[in-house]
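Presented below are the structures under discussion, each in the form of structure tokens.
Two complexes come next, and they have one chain in common, subunit A, joined by subunit B in the first and subunit C in the second.
Showing the complex of A and B:
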């Protein structure tokens, strides 16, 4: 198992390298110079050129890319922001906690609504309850986050004065962003729970469990749900991954200093190096959550655990064979 | 053989009709009222998009500053915006923009994904390995962040937004195409085609892609909805489609500044996004149930 985790952690490296290469390439071919934006419209062509030289923006593609990687490896630095003149990593780390708090709670909220709704819809399949639950879930997924954010802001903050309009000076400020980020994934969670439960409920062992005379509750919770969990965990993992990367729209509307907001401002100000750092950190979070999801599979399903363990063993036999040759 | 001839004779006379897989699917689909209603709504949206210019007496770009921010009335059913432009007309033209961009984006990603996924699934081995590892990298990139980065690099506008959204959603479709190709690859008709001496290109284009396309249709319906949401999100943030071209997201973005006194600019485009998303989702679900009836009952 530990071998499996270590192997997976090593597999993260090519993914992160790939991320840097892709995003770096996209930004490299963008034609607006951040130097021009920093120096303003009055700056001469020479001043812009000098600034670009200072940042190394006029070097060839491979030199710039190589320098970026070298900085990460040798100094653990993601570079210095063109606009704020601060280390990118520090800027991200300052903002990450806000995003993580909101993301974690929002994903938890959506899971706590989505899974029970999905189970209910599956148990009461083709009844009014099923239709209502399914429709509610689809509706949750259909409301665009910016509309939801603005309407909440209007009703709860501007009209009723229950919550602050924006910012997170007190814990009250977190409520609306959490709801805004938590509503949309309900659709996916509920849908996946419903279809996975439906598939499981039709299995022979569920009929056996019922025939044994077990209580319906035991059948659903102990036999059906446990076996339906794998696809549900996949979706829950995706929900957490997406939420933890920050919701750009709700962070922008509620003016929350988080990863999404930094990303947004770095894009509008052509601060490519900050943008690259943000995407890299987000990709790392995504991959890390995927890894945790895969580990939870093993905890839930002994068959998968056996598989993971086998990989390690197979790897060992393979090595032995190679040594023999 | 005799029975087969008799059956064929009857079928020619029109006394019996064969029920194909497709007509069964259509029948199952028609039984799903929500899906049919969604289809009707989407057709309506397409009509609105096509005839956006002639449906209302106003021009989407005609400013009338003396009539700005008017509440809905008989003359302006949805009211007027901050430049006195008719909101109904702008929502209709916005429908055209949203549908156009999302169809372009989904088209781009589907075509590329079909080709790349087919190659990966059909050839297998090292080619498959390389393509799938690259796909893994794209899958690790958070969708919205990536779309924003590409959109910012390409610039705004209808085509660039379509390319940005299409490019960023290739990877998940590649995976799906590859999975269905892997199932197809070992079936008899592919082998038969090989036995006839068809080359790889012919097999992929004539046999593999058409057969992999059917399960993709559901995915395409769902993606169209998601893409419309993404377009409006990008446009709301000032990327994507920019004013003066009306788009639901950028209309709401303007409406945000007037939210405490003037709601129509948020409400009506918002309702259109919600209804469109609902329609595409219910349509996708209906199509999936019709194709794979095991799930339904």
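Showing the complex of A and C:
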């Protein structure tokens, strides 16, 4: 198992390198110079040229890419923002907590509502309760987040004055962004839980559990849920991964200094180096959460755990064979 | 007194294509310590009857429409849910057809056995574990494998675990629903022998559901033949095997190979079982019966006693042997 984790952590390296190469390449071929944007329209061509030289933007593709990686490995630095003249890593670290708080709470909220709602809908299949839950789930999934954000601002903030329109000066400011980020995952989690649960409670081993004389609650919680969890974990894992990377739309609408907002502004301001840093951090969070999701699979299902262990064993036997040759 | 008596049990399933009449007035009775074989082809309603006894019919779509299921004289259909739960796994337990899917894949097998012991004997975890290990030994699974999961066991071993779960609380009645169908022929005999031995060891009555008359011959004292949700013939094993009366039972015998009869081909029963959503008005075996008459097509035969304890649902029950047998 530990071997599996280590192997997966090593796999992170090519994933992150690949992400950087792709985003760097796209930025490289963009023809708008950040130097022109920083110096303004009055700057002369020479001044722009000099600034670009200072940032190393006129070097060949491979030199720039190599320099970026070298800086990460040797100094642990993601470079300095063209626009704000601050270390990119520091800018990200300043904003990341806001994104993480909102993302974590939104994803957790969706799990806490979605899973029980889905279970309830499944065990009360084809009753009013099931229809209401399914309807709510479809409704939640059908509203585009930007519409929801603006509607909430109009009703909860402008009309009723319950919550601040934007910003996070107090904890009240977090409420609307959390709801905005959590609504879509609630719908997904609820529907996945319902269908997975429905499939599980039709299985033979559930009948075996009932034939043992167990109470219906024990049958559902102990025998059905654990089996139904695998597809649910996939959805929940994705929810966490996506929420923790920040939402560009809701962070922009609610004016939250987070990762999504930084990514958004770095694109519009051609602050390529900041953009690259944001994408790198987001990719790291994404891969890390995926790894944790995979580990939870193994904890829930002994068959998957056996698979992980088996691949490790197979790899070792191959190596031994190679050594023998 | 009868341990189990089923009177006029009717079970239906409401589906999109119509009402499926799965069990249509089944009468069965089982004495203490007895072994009754319930025989019939796929879809005859054997498993549905068995699930009905434990009130495990999925409702909806299924529903027990009418009838009585008397266990020790008490009607299970009138019991409260908690009373039925006390019976399940404790006094009446069931071995399921497919061991591959009957065990929970994410719970260690030992725990699945200990669970039912703890539930019904209200004992401590240690005591339940001790009994569980003893039970594993009984079904010849090494105790150290108790912590393993079903996917680490072979089919035959899984079925032995299922047997261990069923017998863990020394039930009074064991319902074995085609316990060997999903297994290799080589393991079938072994599993069957084990069930039989354990059944005698703890003096359990058994309802053995199967489509294999060979197994019935080895195991059961009494036999009931089921067709299209009805009992068509029932009696002692001798009645059924030596004094076969119903044409369907004869057909079943004609379709089994026999060592002492020399024949090129087996004689199958022509045709298929009637559509359970649209059963014929007369005898349900009529459409496939070689001796069918107008009376059979119009009037449904009743189950009538043709010998002491030997019942047959046919207008023309014959005590004679089947034509093939007569030829010998």
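The rule is simple: the second predicted complex is superposed on the first by the 325 of 325 C-alpha atoms of A that agree within 3 Å, B and C clash if a C-alpha of one lies under 4 Å from a C-alpha of the other, contacts with A are read in each partner's own complex, and residues count from 1 in each chain.
Just so we're on the same page, a residue touches a chain if its C-beta (ideal position, glycine included) is under 8 Å from a C-beta of that chain, and two chains touch if they have at least 3 such contacts.
Worth saying up front: this structure is predicted, and the values here are computed from it rather than measured.
Touch criterion not met for A:162: it reaches neither subunit B nor subunit C. Looking at the shared chain after the overlay, A:221 reaches neither subunit B nor subunit C. In the overlay built on the shared chain, the residue A:302 is in contact with subunit C alone; subunit B does not reach it.
Legend: residue contacts after superposition of the two complexes on their common chain; A:19 is shown touching subunit B, with no touch to subunit C.
After overlaying the two complexes on the shared chain, residue contacts for A:61 are found with neither subunit B nor subunit C.
Number of subunit A residues touched is higher for B, counting subunit B against subunit C. Of the two partner chains placed by superposition, only subunit C is touched by A:209; subunit B is not.
Residues 126 of subunit A lie in contact with subunit B in one complex and with subunit C in the other. For subunit A in complex with subunit B, the touching residues are 14-15, 18-19, 22-23, 26-27, 29-30, 126, 138-139, 141-147, 150-151, 153-154, 158, 187, 195, 198-199, 241-242, 245, 248-249, 252-253, 263-264, 267-268, 270, 275, 278-279, 282-283, 286-287, 290. Interface residues of subunit A facing subunit C in the complex, by the touch rule stated above, are 126, 202-205, 207-215, 222-223, 226-227, 300-303, 306. Here subunit B touches subunit A in the complex through residues 133-134, 136-138, 140-146, 148-150, 152-153, 225, 229, 232-233, 236-239, 249, 252-253, 255-256, 259-260, 263, 266, 270, 273-275, 277-278, 281-282, 285, 295, 297, going by the rule given at the top.
Taken in their complex, subunit C has these residues touching subunit A: 51, 54, 56, 58, 60, 85-90, 93-94, 96, 98, 101-107, 115-116, 119-120, 149, 151-152, 162, 165.
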